[in-house]
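Look at the two complexes coming up: chain A is in both, with chain B in one and chain C in the other.
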Partner chain A sequence: MTHLDEAPRSEKTEKAVAPAQGREKKLPGRDRLTVIVMVAVPLVLVVLLVWVPALLSVALSFGKWNGFGDLDTIEWVGFQNYQDIFTIYPAFWPAVQHNLIWLGFLFLLPTVLGMLLAVVLDREMRGSRFYQTAFYMPVVLSLALIGFIWQLFYSRDQGLINQVFHSEVDWYGDPDINLWAVLVATAWRHTGYIMLIYLAGLKGVDASLREAAAVDGANEVKTFFQVIFPVMRPINMVVIVIVVIESLRAFDLVWVINKGRNGLEVIGALVAQNVIGEATRYGFGSALAVIMMLISSIFITIYLRTVFREERQR
Partner chain B sequence: MSRPPSTAIPRSTMVTSAATRRSVLRGIGLSGLAVGGASLLAACGGDSGGPATGSGATVKFGINEAEGAGAAHDRLAAIAQAYAKESGTKVDLNAVDHNTFQESINTYLQGTPDDVFTWFAGFRMSQFAENGLITDLSDQWPIDGLNDSFKQASTASDGKQYFVPISYYPWAVFYRKSVFEKNGWAPPSSNDEFMALMDDMQGKGVTPFAFGDKDGWPAMGTFDILNMRLNGFDFHMSLMAGDEAWDGDEVKGVFDTWRKLLPYHQADPLGRTWQEAATSMGKGECGMYLLGTFVVDALGENGEDLDFFTFPELDSSIGSDALDAPIDGFCVASAGKNQDAGKAMAKWLGSAAAADAGNNAADAPFIAANSGASTSTYSDLQKKSAEVVGAAANIAQFMDRDTNADFANTVMIPSIQEFLKNPDDIDGVTASIQEQANSIFG
Partner chain C sequence: MTYETPVATAPAAARAVTPPTRKEGGVLSKRRGAVATVIMAVLALLWLFPLVWALINSFREYEYTQVNGYLSFGGWTTSNYEQAWSQGNFGLHMKNSLLITIPAVLLTLWLSSMVAFVLARFSYRFNLALLGVFLAANLLPPQALLIPVFRMFREIPLPYFMSDSGSMLNSFWALILVNTAFQMGFCTFVLSNYMKTLPYEIYESAELDGASVWRQYWQLTMPLVRPALAALATLQVTWVYNEFFWATVLIQQGDKLPVTSALNNLRGQFFTDTNLVAAGSIIVALPVLVVFFALQKQFVSGLTLGSTKG
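Right after this comes the complex of A and B.
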């Protein structure tokens, strides 16, 4: 709302002619209507499409319902679902752990690698377009295809890796290994994504900054870390958010591989296992989804607090 | 089966499965090899006199095989065509990928389903009936050529029929005839012979059993057969219904036997699909493979070099006369627009004419449920399947069809995989299953 309040005021100071007395408080009818519509429509959409379903999930998480019949067939069980998840559901704690590993891994490897590739490709070397396309290719491939491609590599009996190295590693089946195998596949995809974002960011960096740094005698590495990187702060923020969200909602690749079982449990896949498909534990699945929502909101809160604090400092 | 009819979930299973199976097979046995369904054709055409059928009417037919899925789709498409020709009703075919169809079945039935759709006998069918999602077809029964056992398999917990069977397939131990001949092996008829066979295979550097459980469900077949061999069919069905303890000595015994058999199975099953396991049996790296007859599909051949035997007995007081043989067929959706047309078509789908229309049009036939259906297109494997299933005293539908879908998918698949990872912690696995069963079965 601050912007709306400010707009007419600045207008007034700039052009003393236009607005009459009292405009400060009241917009003309048409403008007001426009503002109301512009606020109301997105508000209704957000409430209907985000808040209502989210709150319904929370409500559903206190019940037991198999999806047959009307809502009055829901049997309300209080915190039973949550209690079951925390105590007798063997997949839950491994899933939390796997999501955290996922988060750490994505930050450490693909993000850094993507950044490095972006810096290298940004230097207008020969064939850089080709490399860009090659690295970005995995991002546009459909997940079903990605699952299939990696199955060809990882299959224990017929896969490329075991054939080439004459090994007998059970890449997808061994619960100690398969998470890392999947993370490599994810990194393969994620690197290209991060690379593209940073490439776009680097193109936006003012060339005179580089020149100035060069004139001052800074070498390439120093220029990047002390000049370019800080300038790209908004991009870094976007990347952090993307990585956090990607790892919390990690789901698709795991689902394609083994539906998130046997060492590949992640919370997103557990939700799906319980509510998508033939199993219809809607209450239980909703409780898992609510837990996922709470974990995500921790990260979102931290992010928003940092952003707001900086806004204030400015 | 004198169980109290009170418990919520068990009830349905009792009717669809337990009481059923004994007689099912007796009937099927007789039916399997009979030839000549022509006389039945006449019976099916005219009886759908309702205004919603006949020329000008349309019936929507949802099938769980997408175009291009091979023989399974071709058969159903041919059946739909034959019905359209026969009755003059326009058949609107809705072909959906097999897994997608199965996984979206709940929303499908509660949304705008087709009038008639493909489904399976067993607990899930009965559950839909209890929830009013499928139409009572008892006025269409009896159907010529489908004996009492099939009628019982089509009956839900309220004693009415909601299902029309068309085909079935057994789970058994498959092997390559050429590999067995070359090594002088023969199908075992007792537990001792079975163990001796497996030891001999290992001695010759062949892994006795191919085994893959990446998708989670194939190992259910192993659990089913071991439980039926060790604790008997009645216990198995009642366990599936949630009436027996999963952490009792019986189930622990099953896992313990399985643990002892695991060294005879391919290592690392959790990363291997059933297709890959079938391939290693096909290549002769493994001697045998416990799977459904669809194992042929993974081998890219017509199965002439394949043969099978039923899993041998483990306990002589229990015997070996029970097996998994899931029945496929059709239901009419309650939310379907054209109920009369749906019912009439469902009845016809149970006829020998329907089975013949399907089998004549596809490379690979199914084993028809109708005793009047022609067996001339059957492979040797199928003729034998019909015989073996006919000779069995009890038939189960497979774990994920015999028990609550929530339980099968979210508890049993991960639990069996956990056991396969860590076969020594039987107490831990069974205790966890029981805790979760309590929560789900209520």
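Right after this comes the complex of A and C.
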């Protein structure tokens, strides 16, 4: 927090960094205190509940701890946890595979579909509002609830699918297919979300660009790829990051179905299993958490860079 | 997906709230238009179907559907709702959700509006870094922080009038604070961009009048950003209400669970009766659907705040 007092004080830095709005003078003492408190209170909260725990997770991942004793009952084991995860933990590689399937599926179906819907619905079309509402209504529902609702379709004895096809598939229970059943349910929600993002992005496409392309005789497909798609580049970037992070975080649906077992292993659920499951293995769970954190931090960096580049351009 | 990833690129927040009047993406040719309409109509009905199906079957007797199958028509009743409500203890869980959601949303908006104000009003060297600290926190997988947070909360004692569990674990306070910490990033980002669209001159004249920084924030800026606050409040209410992960791991007393996490236990209870599942689903969906339909405009503009280039 020391920067807070320094930054506006030195004239040199003020000139060096001051963008359009850098016109403030040195604040009187009381106002400076106000500013410090206004930033410090939220900052303390986010640091204590997000950043400190993140670092502690990294530290704990090098130890063995059942979480009951004091901190000095932690037995430090170096990279043992990571080694165990990669070599002997049976659920890990299936979980990685499932997360990757999750990612691939989200990209190929709901994301592409959401984008196409947005492109079509961006047109002057009768009932566009109604269609939009229909597609993004599932977005307001939680994934846990979605898992619940889709049971009406997937239940073995009373589900609609089995009733229509006279089949006896346990869609949520059969480890060979339950992942796909879950993905379809996720897609129901994800499509509308992506559509919404692209609809907003398309509002930024200058209509005259499109008209110019039409005058030049470019057809719809060509216009899309040559005019609209390039303009949406920052949006595409954000969507990629969102889809990756959502796939990595996948948790709610599988947890509400079977706590992430039996064909529905995902990394996020494995972490929880190691903490609130039968065995509390804090070090091991932390190592899993750190793996998640490392993957996500790559994409968080990409995201922040995209956002900040836009920020600076303004 | 407990925490919605914030959608935030080049922001023109002010314009996003009141959608710009502009030509839409052009009119389609007649034949293409007809094809597109048919496809859209089919897809839209497909998308509505799960909820409609839940709604229909929530009003049907279990015995009737057992005998005649689900592809029949009839057996109307409201008893599923009564049964689901009492068996699922929804009154209690709804109250819990309310007691968590309202304070969390208010706290989030208040704290993030303060940071946003400082970011928009002053241009310190650390502004971008500060925004990064909040925004990145928003994107971290919550599982990555689970163990330390869980253990920390177990150690922090709370007086009994604040929580009968005697510690942060199993208390609403824990959920309020965790939700707030996570959601601040998105709100700070959106609000600071919105505030940057306010003319800087208002602060100059406020300064001439001798208004303190606090008054500039509370009495000048806050009333002006009301549209953005309304949009964010709508969004946050649905997100916090829908939050599943933290409530599942931090609350182990069944009677303290908010609605969304209570679903986890209900699934076992309602397992054998799909009509009960349907009624339960509708009950849980109703609050967010009401918010959604009543404040649809706010909801959409909130989600897309800052993602249009103007």
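What we mean here is this: the second predicted complex is superposed on the first by the 240 of 314 C-alpha atoms of A that agree within 3 Å, B and C clash if a C-alpha of one lies under 4 Å from a C-alpha of the other, contacts with A are read in each partner's own complex, and residues count from 1 in each chain.
Following the convention adopted for this analysis, a residue touches a chain if its C-beta (ideal position, glycine included) is under 8 Å from a C-beta of that chain, and two chains touch if they have at least 3 such contacts.
In this text, all values refer to a predicted model and were calculated from it rather than measured experimentally.
Trainee: Between chain B and chain C, which makes contact with more of the residues in chain A?
Mentor: After superposition, C is the partner touching more of chain A.
Trainee: Taking the superposition on A as described, I'd like to know which of chain B and chain C A:Trp102 touches: first, second, both or neither.
Mentor: After superposition on chain A, A:Trp102 lies in contact with neither partner.
Trainee: Regarding the shared-chain residue A:Phe62, is it in contact with chain B (first), chain C (second), both, or neither?
Mentor: It touches nothing on chain B or chain C.
Trainee: Is A:Ser155 contacted by the first partner chain B, the second partner chain C, both or neither?
Mentor: Both chain B and chain C are touched by A:Ser155.
Trainee: Go through the superposed model and pick first if A:Tyr89 touches only chain B, second if only chain C, both, or neither.
Mentor: The first partner, chain B, only.
Trainee: Using the superposition on chain A described above, determine whether A:Met125 touches chain B (first), chain C (second), both, or neither.
Mentor: The answer is second: A:Met125 touches chain C but not chain B.
Trainee: Of the two partner chains, chain B (first) and chain C (second), which one does A:Ile276 touch, if any: first, second, both, or neither?
Mentor: both
Trainee: Under the contact definition given at the top, report the residues of chain A touching chain B in one complex and chain C in the other.
Mentor: 67, 155, 158, 276
Trainee: Touching chain A in the complex: which residues of chain C?
Mentor: Residue list for chain C touching chain A: 1-5, 7-11, 16, 19-20, 22-28, 32-33, 36-37, 39-41, 43-45, 47-48, 50-51, 53-54, 57, 65, 69-71, 111-112, 114-115, 117-118, 120-126, 128, 130, 132-137, 139-152, 177-178, 180-182, 184-185, 188-189, 196, 200, 204, 212-214, 217, 238, 241-245, 248-249, 252, 260-261, 263-264, 266-267, 273-274, 277-278, 280-281, 284-285, 288-289, 291-292, 296, 299-300, 303-304, 307-310.
Trainee: Provide the residue numbers of chain A that touch chain B in the complex, in ascending order.
Mentor: Going by the criterion above, the answer is residues 64, 66-69, 80, 84, 88-91, 154-158, 168, 170-175, 178, 258-259, 261-262, 273-274, 276-281, 284.
Trainee: Okay, in this complex, where on chain B does chain A touch?
Mentor: Touch list, chain B to chain A: 102-103, 105-106, 110, 124, 127, 131-133, 214-216, 267-272, 276, 279-280, 400, 405-406, 408-410, 413-415, 417-418, 421, 432, 435-436, 439-440, 442.
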